[in-house]
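What follows is chain A paired twice: with chain B in the first complex and chain C in the second.
The block that comes next holds the complex of A and B.
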């Protein structure tokens, strides 16, 4: 939900939101990569970026819903692994299944796992980070216990066959194409946007994230909101997990372990507040874009892999600094009017 | 009714527990800490460890950390020391990080055996089922053949700190530089080959950045798979070669589709067996010296100074062999 921001009113040419700053950073960085390489700004590469980031984007908008509601979830990536297994095993029991059944099952299993988190958080009044660190370990532990770490390579054909939705041959003889995960990403993002911005439930979610007690007093059903938020992320994680199994064409138990941090970093980079009540779909997507772009740009520019982590860290730091409005304001103010002692107080 | 059932269950559990602890007390115990749990390679190794444990009367098990993190391995070894095991096996992620904790294990009289870590300090023996040079060069030869001896190529390793992968890569690069001067490396090696996702997306980027790219040489079990998926996605099978060691079951389809040209491996199940076999020999005080025959390794000529036992027991992976190996559950 774009909020009017009181800061920065004096400099009209500067963006007034985190999202605005991120757009600036991404455009500048993109222009730089476009000049530094002759491959970055090509249709084929832009389509690649979409294909590669579809999974992270699906997870990111799901996580955004939980962050907006004032919670956090560490368990969703391993929950996605659990969903991959449950879905793969179930469709094979059903004799093969198809995409409709697969997506339905993945969403249902995902919702169930999210609901487990929600009920622990709401009924036992445990803070979300503690609950989801516990369920992170429980989900992963159960998965390793029951699968004995075995991967599934023998998946049904519908899941293995690559689906290209749109393609064209570029003048260079290269193929630019969009795959199924991108379509699913667009659908999930659109649904989440409608939910957060165009439904009263979404408004209630923001209200709860901003002030849970206030929300309760005006009659918002807090329990339902918890199930909605964590269930929504669960569904996104389930669908994302199915997409990952689709594009790597196998189900490996620890393939998604650790991915939660990448997604969390991207969403927070996009301006979502860990305390809840603030964060937009656009911001989350911009965060994912910046992270994916950095990795892609490093490979395209031929930067030594030994320097990768350092550069990724630097880019995140620069982006955060630029988009942290209060921090930037304070910094600029200090430059404009260097003073000793009190720095203007409130106002 | 329900209560009775639970009572019965509890009793059965208790008896089972007592039986297993009683058995475990008589048996020598060994824990083998591998790089990461839950990937096919180490699943196969686990089978070998358990089978040979049964065979030789050891209580032997595998510990698989959740990520390829040296610190997790240190913690796992500490746990094993605390449990008072007779022998510890490790497939190190980082040789140096493990040195202090392995020294502590040996001080307590625990037998320490490593695998895939030829420069390891503080071990009784480190064993290799392929010499670093032999393995790297075997792949380099196959790779040069697959790309026709010229053109640009990219190189993957599991991570930039895995000693064995980097030594193979060094040997392969040295061989290619000496014998195929027309083959050029497009960048430094990429440390992505422990993850299918990372290997895939890096390969997609590299194919974009280097339109003339002729091949991926990938050391690290997920590298050929991820690079292969990317090559397949771009419909470059046949134009861009993929060579490297991988798990046959996982790569079977890609080999038959002509995406992965081939590679070499050793049998991780066999390596698992060797861990227990060697621990058993050392526990019984049997000498390991020039000419000793160790089941699974053959007749060895150990290097007492570096504590290395190195043999070349390579298995070829290609269209003709992959199905049989996959059938073994690898």
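The block that comes next holds the complex of A and C.
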């Protein structure tokens, strides 16, 4: 992402951080969508976006933890689907359960799936992208195999009842409301922020992502850090999965398939560096906001949903190119370099 | 008196005293029955050529490696068994490795006070306390650093201070510094020595690992010399001269042979004129003659390797020209360079220059596959065998079978395999980047002998090195680079080696 600009004067009005850039882009884009459509800048739409994107935001901060620690995870979205199933089946077995039991189970199942990734990565020394592409396929394959692709509609009442925490009637006569997932999102984001920035373990994670050998030398427990990072993402995926099931009031095995890339795009767009050590919660949230806005905006303007896929792909490419400015510079230099060795020598 | 006396005397005054330390790695004896001791508040130097066992010894006393049975390790008089990195740190042993183990994205303060984040028990982080700790320690060291800035914005000398400050926060009693001055200017080295004196005043011992003899003798009180894994002895620095120390380290009378020849009359092989590349180097012009060994030295980051990368077609210059044997060189890639007759043995040859798990034979043949083709364009194994056999003989590479993996060879022999691989292309110009890094002393002499023989056959050789003595005793001329520019040229023999060293580290 754009680095603080080296040339000071004349450029001072430009944002100095990734987050600053995102705020500018979001405001400009939001203003554009407000003018281009008559529905985007309405309370009903914006509150709806918050409800819908709660799931992405919960996943995004979880994924941020893994990226900051120097890893990557592709499997978390299908892991969330697996958790939805396991949780739904378990609470039905228990005779219904309640929110507390549901959240606890979802967290535990999520952690377990994260721990599987962590142990494969740490104990077998396989790079995280390879492990999680494999577990992505394994999780999804097992899920489809055992469910035969069938959805669950017969869910306990507590999970189906929509909980509205805030509601008001807009001047236009619509109802705008915030639901439970938004509250849970705020809680997960706050917890993750505290963990990464204010707890000693979070700082150890940053250190490991920043300089893995250095972290090992100062005596950080690398194995524990792997379980912590992937486990944290697993818990986020579990809780996020439960929220998504609650919001759509059903459990569909392939509902979340493919979401991992939207979330990854959002987090990388928010300034998290693939390779570790850099990334903020604020950036991840702004990234989610921008990706959600793009999707919603294209929708409202009547553009094909496939265009969104394309935009997500572009966002990942651009964000990764920009996050490696040296690489970009070298790339541009190839075009700028003089073709002839002798010309333009010093006179 | 000092040395022998105190070493045998009051044990309580020793921060560290180890006896009978040996270490074997896969059949190779890295350390043989070594004794080593450091007094409280002492500035001690561990001297020896690369591969003499210095790093192994440090790794043993800091708990990274376990010594062979029979070793006795005492810290502040107490015998310690089963030392681990964690217990070593608890005993006040801190090692500042050359790569410093710092966190570039974090602030200077957090890097210094990182200790506060350690341990498995989760705690809340108190950034204000971290900043206070950092300022307090920096004040104690008499250094001012921007504690709120990310470490990546600091230069290498300042990072070194950060690493030392971190060791102090951890209540160090003894700080090992591994080649701390390797990339410092003279002024920065002065500042570092100032910091070491402050540590001494606080009763903290420092062990320097260095092979810059002048520095060793200036800062250290005692010098422990290792050679080929054995302890040569402990000497008060005041009783040593640079020549004497060099003799102790190498084990041979330090004959100051200068082999520089005047080759200005020989045909010019490479002519570089006003070469420049933004941010890397500027206005580089020189000539290299047939049969000449031209040394290039300078501090790390002076642009030496960058110039070599351009000569080998890996990067394109912004301005200036290169001519090989009078013909303009236009290199679009390193393939063009190889075709033009340029060979480049990189600094990081062990990872970049060799395919370690593959056979010696394949590694040698890889650059000239097109010349080994037989029927239907398939590789002709007989030709490959002949080629590899030739080079193994010519370079006197000690191998079992050509089919063995390169990884089974010693550093010196691996270096020869890289050379063979490039010489097989029959180059006009050979670029050697830091040819002796990771090669032990005995093997070094052998490699230089080969390099000189190649030069005698008319090959033009550009040799980049940090080790000024190596260049002084092998090169015909030495170019000095600083901050991307050529700032000096020396003839070994005409200029004394001390003058060159002073110029480079000024």
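Heads up, the rule we're going with is that the second predicted complex is superposed on the first by the 289 of 347 C-alpha atoms of A that agree within 3 Å, B and C clash if a C-alpha of one lies under 4 Å from a C-alpha of the other, contacts with A are read in each partner's own complex, and residues count from 1 in each chain.
Heads up, the rule we're going with is that contacts are C-beta pairs under 8 Å (C-beta built on N, C-alpha and C of every residue); 3 or more make two chains touch, one makes a residue touch a chain.
Predicted model, so just to flag it, every value in this text is computed and none were measured.
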Touching partner for A:95 - first (chain B), second (chain C), both, neither: neither
A:198 touches, of chain B and chain C: first, second, both or neither? second
Partner chain in contact with A:171 - chain B first, chain C second, else both or neither: neither
Touching partner for A:206 - first (chain B), second (chain C), both, neither: second
Partner chain in contact with A:214 - chain B first, chain C second, else both or neither: second
Contacts of A:162 with chain B and chain C, given as first, second, both or neither: first
Touching partner for A:258 - first (chain B), second (chain C), both, neither: first
Touching partner for A:224 - first (chain B), second (chain C), both, neither: second
Partner chain in contact with A:278 - chain B first, chain C second, else both or neither: second
Residues on chain A lying within both footprints (that of chain B and that of chain C): none
Residue numbers on chain B that touch chain A, as the complex places them: 36-40, 42-43, 46, 64, 66-67, 160, 186-192, 195-197, 200-202, 204-206, 208-209, 211, 226, 229, 233-235, 249-250, 252-253
Chain C partner contacts - residues on chain A that touch it in the complex: 197-204, 206-207, 210-211, 213-215, 217-221, 224, 277-278, 333-334, 337-338, 340-342, 344-346
Complex interface listing, chain C residues touching chain A: 85-86, 89, 97, 99-106, 110, 114-125, 273-274, 276, 283, 316-322, 328-330
Touching residues on chain A, where the partner in the complex is chain B: 37, 39, 42, 44-45, 48, 51-52, 140, 144, 147-151, 153, 162, 172, 174-175, 244, 247-250, 252-255, 257-258, 295-296, 299-302, 304-306
